[in-house]
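So that we are looking at the same thing, I have put the structure below in structure tokens.
In order of appearance the chains are A, B, C and D, and numbering begins at 1 in each one.
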């Protein structure tokens, strides 16, 4: 993570809007934000699947084409991840409004959403740049991951026999239900649930974490500029999941997944520095 | 960790010898190595407490003055750590012969010791440079740590209430029996026993690991160029242990331990690249 | 686990044979054992799918009807579990020959197989009785589990939101990829991989272990005579896996899985007491 | 844990009072409770060290002689444990008022204390009976433990090399900073901090948990009616800590600690069934 001051940025002239569909309040807030942003002179673009469900006359656009000056997401971490997986690269900065079960990546609560737009317009924010992971599965280039690339068997609770290579040299074998390579950002997500450590946002590293390893297998922290390859000895058909959003079946004699640092980053609009506050509220740390 | 080729080095002209005293075989090997090194034209310096117990006419010298071209240690990780804590900085490179329960840091078995000296003389080795940690406890500068700086209460199984600061900013509180900051090298030692992740030797990071935290507290991986401060809210009297070797009682109103990267490194003489092989034999990984 | 002396047992007059199909050596040993058992006067029954692949004139019989005096399995833990899931209740005792990656449940190596038959015929063994778990998913009675009943989402790496009830009283909620209830026998299997404790074979208890819990969720050890119910709040469609062998999709408004002690047990033929020896070789314990 | 109805009990005629000394509010509440209990016709006995610091004319009595009908403790878990370690056996039931950092064992908050006395007088409560552990260190009988018996080296962060015996048969070796045997009650205390599972209060079991094991060592759950012996191979001088309160140095050629179920129990006065509610507030479980 790098924090970038915003002084030299040009003014925002347009905005993209993404929201979860399954929550009426999120749809309502999307409408309010669309109106408010328009009234402030911004051109508003709404994700097309969302636009279809809204009573709005704003521009409708697929996520893959949302090349706006910034994007507002309304939802939890799932909505943020779904957005990051699909938007054009380099990614516009994201202002994430929390309307989800897990809002670890989000910045503001719904009632602060309009004020947050004001702050964006007067450039009163910092940009948090988050490293992403680039994954290649056999010959297939997968979308970049903000959180993690997870490798599992095609059916649940089935062992993967793998060999792990660092910079093309074999280092270890593993027998586990799954293996994931996680970014600093992702270290507080699924990797943490699987037993991994927290990576401070400023450490230049990835973490390899296993899911239900047959024998003991501790998480290993690698430099972010190394390449990690997972060769799947068996089974022949496996599943790669990017950020819990994008699923890719890989089927070959020796499926080979390679993970490196992406040249792109995800940019979050932040109003305060708050990684450790968010971490505490993830309920894993309780102090004096 | 950085691997350094050895081409430009000057020839070794003298050697220091360190061995554990409690094992007859270690003493015997020390005598054999002293004779062999002499016969090869090296000036031999023997750690004084060891020299007193040996039938030898070699030079006797305290560890603190062992400014030789290289040092041979005979023992396990404890002997290596005891040596690194005391020898003058910058540290001469260490050839570690394994005669211990745990020989994770060592390079050769006893029967290869003489051959290893030959290789050293013909410059047939690489140098593994390992980051060390510099610790200040209140105003006291402690010896650099190759593995970890551990903070615990003065009596066993007693809780420490602490505040953790990164680069002087408070980030988290913790209630635990102990807290340690561990290097990459130390990540496979005590930190691993306490539940920490493995740091690949090439990652530029430290790891903060707690011992028996009251609530859950996952290990956190920090950049090696950050400074970590632990303020001990209670009790007022605590113990800092460097590499399990050097113990420092600290007693003040708010004991404050600060840890940064040392400007010195420990250098190991290595004949092959073998971190992950050593890790497997630490019995935590069992593959296909 | 109860160990039962064998003095009062009547002599074995027939035997069932089960083997993995995917290993030529296992098929070969099955043929050898069939011949040997016949030559000793035993009636031999061979699992039908296996019989089809063997050049044998022995009786062919489905696992579900294998009501023989005892059963020999040739393979790893998977073969043992597959057998236990299907054979008629109460179960004939099992002599498990190890020809698998994991042979934690097995008793003898292939070269000891014929000798082991001799010992069985002269009643020179003890019976290890292992508690099994009875699982009801909505109205469906599933096969008893020797190791564990696992509840997961129908697709990989997807969260289950559940409520846990003990003896019909709600005790905790959980958000995790999966939840399993494991027997003493199963505590060294999948539950251990997911972070659970070891249950000594003589403790009268089950253990509830989660897979990748969102927040921290430690394993909980319950009396074996309690009933545990998992209500799945979402999703509406889940998968229950018995011993990694039997998979049951459950789909309803509030899928409800109830687990109690089965009235049946699995009986293993044992020649020595060796739980902790097997545990050590599971590579989790390394002593002085 | 067994819950016992209270119908047949005779009325309480006297009460013992214990409080922490380091908190003014605790002393004040002790005075209020003493007056209130007197006014209700109870004979009040106050722990002597406490009585010395109070302006009271009540009877002063050492903990070791506090054979009252029931005892009120004012403080956190430490105060409860200190009381249980010292009071005469069989133990009078304890009403624990929470005035501590950790009040996991306590039942009522300070403002409910007087009402709780009323309920006690009209027999409106249940008794929670908690199993205790009896520990013998070499020939020395130690006080019974409500939570755990912990074995550690005499100096901090030093390895114990031990052999573990169940019912006098060796089962495993261990290399760790410490080993503890914990009751069901203690499973949510220090054992949990060291990585152990939760034991449901109704399971008839103990759990063996290690502290910072050199290699991996999972907690093992044993029947409460087994005996566990820890033989300490080295060092020769170790420390046994009962409930964090009573410390016993043991020094011999092969220190041997044996742990069995005590014939005594600790009895808590409870007004509602609340183990899992207390567990949730221990912050380890966070549900939907």
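The working rule: contacts are C-beta pairs under 8 Å (C-beta built on N, C-alpha and C of every residue); 3 or more make two chains touch, one makes a residue touch a chain.
None of the values given here were measured: they were computed from a predicted structure.
The chain with its Cα centroid farthest from the Cα centroid of chain A is D.
Interface note: chain B and chain D, two copies of one sequence, contact each other through mostly matching residue numbers (shared numbers exceed half of all numbers used). Annotation: 40 Å between the Cα-based centres of chain B and chain D.
Inter-chain spacing, taken between the CA centroids of chain A and chain D, is 46 Å. In chain C, the residues touching two or more other chains are 214-216, 283-284, 286.
By the touch criterion stated above, chain C contacts chain D in their complex at residues 161, 163, 166, 171-175, 187, 192, 196-200, 202-205, 207, 214-223, 226, 233, 276, 279-280, 284-288.
Contact residues of chain A toward chain C in the complex are 102, 150, 152-157, 176-178, 190, 193-195, 211-216, 239, 241, 244, 282-284.
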